[in-house]
Amino acid sequence: MPYVNIKVTKESGGLTKAEKETLVKGVTNLLEETLNKNPASTVVIIDEIDTDNYGLGAELITDRRKRGQ
Amino acid sequence: MPYVNIKVTKESGGLTKAEKETLVKGVTNLLEETLNKNPASTVVIIDEIDTDNYGLGAELITDRRKRGQ
Amino acid sequence: MPYVNIKVTKESGGLTKAEKETLVKGVTNLLEETLNKNPASTVVIIDEIDTDNYGLGAELITDRRKRGQ
Amino acid sequence: MPYVNIKVTKESGGLTKAEKETLVKGVTNLLEETLNKNPASTVVIIDEIDTDNYGLGAELITDRRKRGQ
Amino acid sequence: MPYVNIKVTKESGGLTKAEKETLVKGVTNLLEETLNKNPASTVVIIDEIDTDNYGLGAELITDRRKRGQ
Amino acid sequence: MPYVNIKVTKESGGLTKAEKETLVKGVTNLLEETLNKNPASTVVIIDEIDTDNYGLGAELITDRRKRGQ
């Protein structure tokens, strides 16, 4: 019954459904293989955050992207 | 001054305002009755998550819904 | 499959097991009654926070308690 | 490498980009000055929450605002 | 710069350091492979939760374990 | 009524009470000055995370510290 929350920036229209499936399956499998956790009750929530609302290194990701980072 | 975060999937247009009120009142009352916490400073935040961003059992809720679950 | 996180201060030795059960049952029932959510997959996590690590009104709860609040 | 999450209500169109920058810089500086944390790896995420989804004092912020609070 | 939070119950003394390393590496790799996210700034925080503080199916994990679940 | 959560590693015995006060006051003031948020209902929770449970760059902070980072 683990709970996992993944926060990533929302860029170029956001994650595709296939990418979300890959993340959910990948994390669920990792927890089953590493800790023997039951995949049936593993919850994974993906938050896509606007680049204006995500800061790293004292600046917004929006501005890092403009600088090519 | 408890803090409560409720995450549910956003389905069929999302929760109504009345449903949100019921959740906020219900959780606040529960904390007052159980732990004598002050309702005036109890914070409740409701996150409505797209079914594509919510995984359970290694699959997206979107796909569980299609299978009738 | 809702996910709920409750954060309360840890005071006088922390919550009893009975209090934790009351919170878990209460929140799970509230979500079933209000939104028809499946109780079998509803997750509730209770975080008990040291009063030195919980701030309200620009001061630590530890100091509010000393002032009788 | 601290991680900070700020949740505020989304009112009057939401925060401006300049306000978000001020928050990100301010929190990052505070952590560097207080705890000597490396600003380069400090993450700050700002969540703007609809006033219907934010409860305080057993009521929604939407309704507090209508009462002038 | 993704942020990932993994919450699991703390059982039998908690996760080993090797298990924590496996989770951190596994999730960081998954985000790099799936979304091309920079591993250098990917943050993963693991919360080990007491079984008395983790509820599923309207009961505490402590009590589910006693029933053999 | 903003809610802020700060997660930092727990090193050398953890934060002092004075450091926690500085963080709580600093963040609360920042939100009042930047967004005119009411300090009386601003909640700040500080989580001190074991260096074994905090990963950055696909490794545990414990191991980064050993390498002098």
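Chains here go by letter, A, B, C, D, E and F, matching the order in which they are written, and residues are numbered from 1 within each.
Everything that follows uses one rule, which is that contacts are C-beta pairs under 8 Å (C-beta built on N, C-alpha and C of every residue); 3 or more make two chains touch, one makes a residue touch a chain.
If you want to know which protein each chain is, UniProt gives these names: A, B, C, D, E, F = Tautomerase.
Remember, it's a predicted structure, so these values are computed and weren't measured experimentally.
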Shortest hop count from subunit C to subunit E along touching chains? 1
Touching both subunit A and subunit F we find B, C, D, E
Would you say D-F or B-F is joined by more C-beta pairs in contact? D-F
From subunit A, the most remote chain by mean C-alpha position: C
Pick the pair from B-F, C-F or A-E whose contact list overlaps the C-E contact list by over half. C-F
Rounded to a whole Å, what is the gap between the Cα centroids of subunit C and subunit D? 22
Approximately how many whole Å separate the CA-defined centres of subunit A and subunit C? 26
Quick check on subunit B: which residues sit in contact with 2+ other chains? 1, 3, 7, 23, 27, 41, 43, 45, 54, 56
Each pair of chains that touch: what are they? A-B, A-C, A-D, A-E, B-C, B-D, B-F, C-E, C-F, D-E, D-F, E-F
Listed in rising order, subunit A residues that touch subunit B in their complex are 17, 20-21, 23-25, 27-29, 39-48
Subunit D partner, complex, touching residues on subunit F are 1-9, 15, 19, 22-23, 26-27, 30-31, 34-35, 37, 41, 54, 56, 61
Give the list of subunit B residues in touch with subunit A in this complex. 7, 49, 52-60, 62
Complex contact set, residues of subunit D against subunit E: 1, 3, 41, 43, 45
